[in-house]
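Structures for review follow.
What follows is a pair of complexes built around subunit A, which joins subunit B in one and subunit C in the other.
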Partner chain A sequence: MKKLRDKEKLTSILYPVIFGVVFCILWQTEVLHLLIGADTFTLPVPTRIIGILIDNFAVIMGHVKATLTVALIGLVAGSIFGYFLAIIATLFPKWGVGGLTIASAFNAIPIIAIAPILNNLTKDVSKDPNTRSMVAKILVVMICCTVSMSINAFRGFTEVKPFSEDLLKSYAASKKTIFMKLRIPNSLPYVFIALRISVPGSVIAALVSEYFAEFIIGVGRMIRENIVLAQYASAWAYISVACVIGISMYILLLAAEGILLKGRK
Partner chain B sequence: MEQTKEIDIKIEDLCVQFEDKENGDVVHALKNVNLEIRQGEFIALLGPSGCGKTTLLRAIADLQQTSSGSISVKGQTPRQIRLQKKFGIVFQNPVLYDWRSVRRNVCMPMELLGVPKKERTKQVTKMLELVGLMNFGKKYPHQLSGGMQQRVGIARALAIDPEILLMDEPFSALDEFTKEKLHLDLLRIWKQTNKTILFVTHNIQEAVFLADRVVVLSPHPGRVSAVVDIDLERPRSLESKNTPRFAELVTKVRRSFEGI
Partner chain C sequence: MRKNKAFQKVTAIFLSAALLMATLTACGSEAEVSETTSETVTEEVAEEVTEEVTEEAVVEETGAYYSADQSVEEIVLDAAAKGQVGNWGLGNEYEVQALLAKYGQPTTYLSQAFDMDGFDDDSILLASAMTYNELGLVKNSYEGAYGYGDAVSYIDMNDEGVAMLEDNLFTTKEFAEANPNTVKAFIYASMKGWEYACANPEEAAEIVFNYGSSVSAEHQAYMAAEVKKLVETDTTGATVTEYGKMDDAALQQTLDLAKQYIALSDSVAAEALSGLTLDDIRATSYWEEAMSSEGVFEGLEKTDVSIQLKWLPQAQFMGYYVALEKGFYEEVGLTVNIVSGGGDIGETTAVYTGQVDFGVTWVSNLIAANAGGMGLIEVAQVYQRSGLVLTYKLNQ
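The block that comes next holds the complex of A and B.
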């Protein structure tokens, strides 16, 4: 049984890796270009992209740092704020449920729409264009992360197993104790459901908000700048960096989930 | 000799009413229920669904508002007893917290009572021994079978040494083999701990096999329609079910349902 599961685990990693390797070989040998009718100018071969990454490593890392700062601060602040909103909604269910419905409407607003607005709203925050751009970008990421956290955490607080509240009440537990012993631990898997949406979301929101920011910095902005200048190889280098950021943050999340939700089904 | 024991729970003219949300009619979940339960007695509350047996149990545990009448538990109100944390409840499903190991689930009520850690650890070990789960303390609920989970629920209910054990169809979701085993375990635990037990069930055989007295409830409105003394010899074993007396008592209880 265990052997079978190990085998499944192995193949679930192995097959995508094989697919990736084959894909890169086709790409490098320009077979891919023939298949999709592209040229090496708009779609440079992997070795050229890697070459650019190595040559410009220090510059690229500067942009990575800017993007990561925006994504992480926005993710953490937005998630904490969303969790806090969920607590309030649980304590005051009459207003809370309606409030969260309105909050979920925010989720429907595209990033492209809110980014320029927030740019405008934050133009007096600081004299330093980099700082005020950062604030605007972080706010965009925050909005994206707040909503999914507040909705999921609220479900985690309220969707408890039948009788589990009664159990605590039968021991004369206070509202606070019920929160500490039942609602908060029950919300943990829901927090991870939210983070599985928010972590990739925060990277995307950071990349897109950089497009509209006043100050020119960040991986997302560099993708745009290079495409505008028809420097496709550099653009691809930044695109691959963006992929690495998103994937590594997701892997970190899964690792944290594995540790914190250990023992749960 | 049982008669000389003091009255543990006294229910007088108890009524519980709900308002039907759809048409505004008043539903009598319980009407004029009178019952006296002695210390150490094993009482089965038996009836079809909708007869108010769970409502009665919840009213005794102060988890259900009553409309009129009174309940006294050891001379106090259910609320006082609840606030003193003297009830142990086992629900229809085990209600284990899946983020807690078996040990920590059993430990939970003691944490609420502020029992010192050393004492908690000792008591948890004792309780797990009582329910036969010594080797499963570190497991998590989803790693256990349904029967084992319910045993953890029983261990948790007994951990704070409650005055009264309230059980709401605790074995109804289990298969027959597991159920039979848990019946015997429960009788053994009851004998060892001498608790007053209220056991809600809709299974006639189960009620007769376990209880000293079977309280038969009937629906619309929920009321006590009969109380049947079960004079089967103790200690009971699976053999008890093969005796003519068992069959007679089952028939007697079943008859009390006729005409409902």
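The block that comes next holds the complex of A and C.
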């Protein structure tokens, strides 16, 4: 039985890896270009992209740092704020549900719409354009991360097992005790559901908000600059960097989830 | 009871919305604070105090902006020191960088949006503007404009010797070699359109407006009058009578500045850029033969052609719209489709991939594209001088 599961695990990793390797070989040998009708100018081969990554490692890292700062601060601040909103909504359920409905309306605003607006609203924040751009970008990421956290955490707080709640009530537990001992632990898996949406979302929000920022820095902005200047090889280099940022943050999240929620499933 | 519940719900929604707003703004300022550590806060406060003091002193002497008799150097040095020079970036920044370098300043600039709000609210002191577009929006007082009138002045890139040529007409080397007669016919009819448009800018503005304008009729008329100046005057201020002429001296200056300020992270492209010569970016034979012809073109290889504009429909491209409206393209046997641009549309890529046959771009953008290996070729240079200026407010 255990052997079978190990085999399953192995194949579930092996197949995507084989697919990836075959894909890269097709790409490098330009068979892929023939298949989708692209040329090596708009879709350069991997070795060229990797060459650019190596040549400009220090510069690229500077942009990565700027993007990561925005994504991480926005993610953490937005998630904490969302969790806090969910607590309030749970404590005052009468209008909490309505409030969260409005909050989810915020989620429907596209990033490209709020980024320029927040840019204008934060003009007075600081004299240093880098700082005020940073604030504007972080706010965009925050708005994107707040909503998924508040809605999911609220579900975690409220959708407790009825018999657990009844049991605690039968012990004459106070509301506070129920909250601390039942609701908060119950919300943890939901927090991770929210983060699974927010983590990739925060990277995307950071990349897009960089397009509009006053201070020119970040992976997103470099993708735009290079595409407009028809420098597709460089653009692809930054696109692959953006992918690596998103994927590695997601892997970190999965690892954290594995450790924190061990034995709960 | 029901009514009461509904009322409760409504108040609840309002309350939570207000709370959301309040906390959002609170978190905004929090995020700002979290960026500066407590140590630097005290330092910054001290700095701010001294900054304020010196600024007030300056304000008392000269006002917050610049005076009409201040030299270009003084203005550039001041705005650069404050880090308040603006440009759109995305390949439009090289002339501004060349100007900053001319006065020994670092070549960094603020990213300017496609409106002049940043200039209006003083976050940009020295803002990039095209004479035919943004400068008019700043000065004039029709709808959508800012109405500064004579309260603004500008630095002209042509006067500063850092002019780079802008709107041209280009295609791919491959297309030009395969369809020489079509290219010549297209150049001939387009230049006829430009000649007519410059002779009748008001009519040209109206024609463009009717083709789906992105701006008001008044602004379109202003733009047509300003574009006429760029088409009929060269970088030295001399009058040009041959529409679309490729002036080697101005093109060479554009190429030299492009090599200096186009920064490419792709080493292959960067090497190609440094090796580019004028012959790699322009071909004069098509224009020369077209202009010396009688306007009759035999054996057109392709009669259905399209042209990709660099931006939205506006008088910046009036020559092509006039040629279409007045039937100049039909006269030479061409059916032309004008494709408007806008946003991040890459006119160089559109022509390179063959989606369109011709395009309008800035010479510097064509140079960057060719450095990447596109093999584009300019066949006419419509704008004879740079239309880019840096505008600033005057003390009143």
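The definition used in the following text is that the second predicted complex is superposed on the first by the 265 of 265 C-alpha atoms of A that agree within 3 Å, B and C clash if a C-alpha of one lies under 4 Å from a C-alpha of the other, contacts with A are read in each partner's own complex, and residues count from 1 in each chain.
Rule of thumb we're sticking to: a contact is a pair of C-beta atoms (placed from the backbone, for glycine too) under 8 Å apart; a residue touches a chain by one contact, two chains touch by 3 or more.
Predicted model only: the values in this text are computed from it and were never measured.
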Q.
Taking subunit A as the common reference, can subunit B and subunit C both be placed on it without clashing, or not? Answer clash or fit.
A. fit
Q: Applying the touch criterion given at the start, work out whether A:Met142 contacts subunit B, subunit C, both or neither, answering first, second, both or neither.
A: second
Q) Is A:Pro110 in contact with subunit B, with subunit C, with both, or with neither (first, second, both, neither)? A) neither
Q: Kindly classify A:Gly258 by the partners it touches after superposition: subunit B alone (first), subunit C alone (second), both, or neither?
A: neither
Q: Considering only touches as defined above, state whether A:Val125 meets subunit B (first), subunit C (second), both or neither.
A: second
(Q) Applying the document's definition of touch, where does A:Tyr232 land relative to subunit B and subunit C: first, second, both, or neither? (A) second
Q: Using the superposition on chain A described above, determine whether A:Leu85 touches subunit B (first), subunit C (second), both, or neither.
A: second
Q.
For the three-chain arrangement built by superposition, which of subunit B and subunit C touches the greater number of subunit A residues?
A. C
Q. Is A:Leu168 in contact with subunit B, with subunit C, with both, or with neither (first, second, both, neither)?
A. first
Q. Subunit B and subunit C, closest CA-CA distance after overlay, in Å?
A. 13
Q: List the residues of subunit A that touch subunit B in one complex and subunit C in the other.
A: none
Q) Along subunit B, where are the residues that touch subunit A in the complex? A) 61-63, 82-85, 87, 89, 91-93, 95, 97-101, 108-109, 111-113, 140, 142, 160
(Q) For a test of understanding, state which residues of subunit C touch subunit A in their complex under the given definition. (A) 8-9, 11-13, 15-17, 19-20, 23-24, 27-32, 34-35, 48, 83, 89-91, 108-111, 113, 117-118, 121, 123, 262, 264-269, 344, 346, 348-349, 352-353, 365, 368-369, 372-374
(Q) Please output the residues of subunit A touching subunit C within their complex, sorted ascending. (A) 39, 41-42, 48, 51-52, 55-56, 59-60, 73, 77, 81, 84-85, 88-89, 94-96, 98-103, 106, 116, 119-120, 122-123, 125-127, 129, 131, 134-135, 138-139, 142-143, 212-216, 224-234, 237
Q) Tell me, which parts of subunit A touch subunit B in their complex? A) 161-164, 166-173, 177, 181-182, 185-186, 188, 263-265
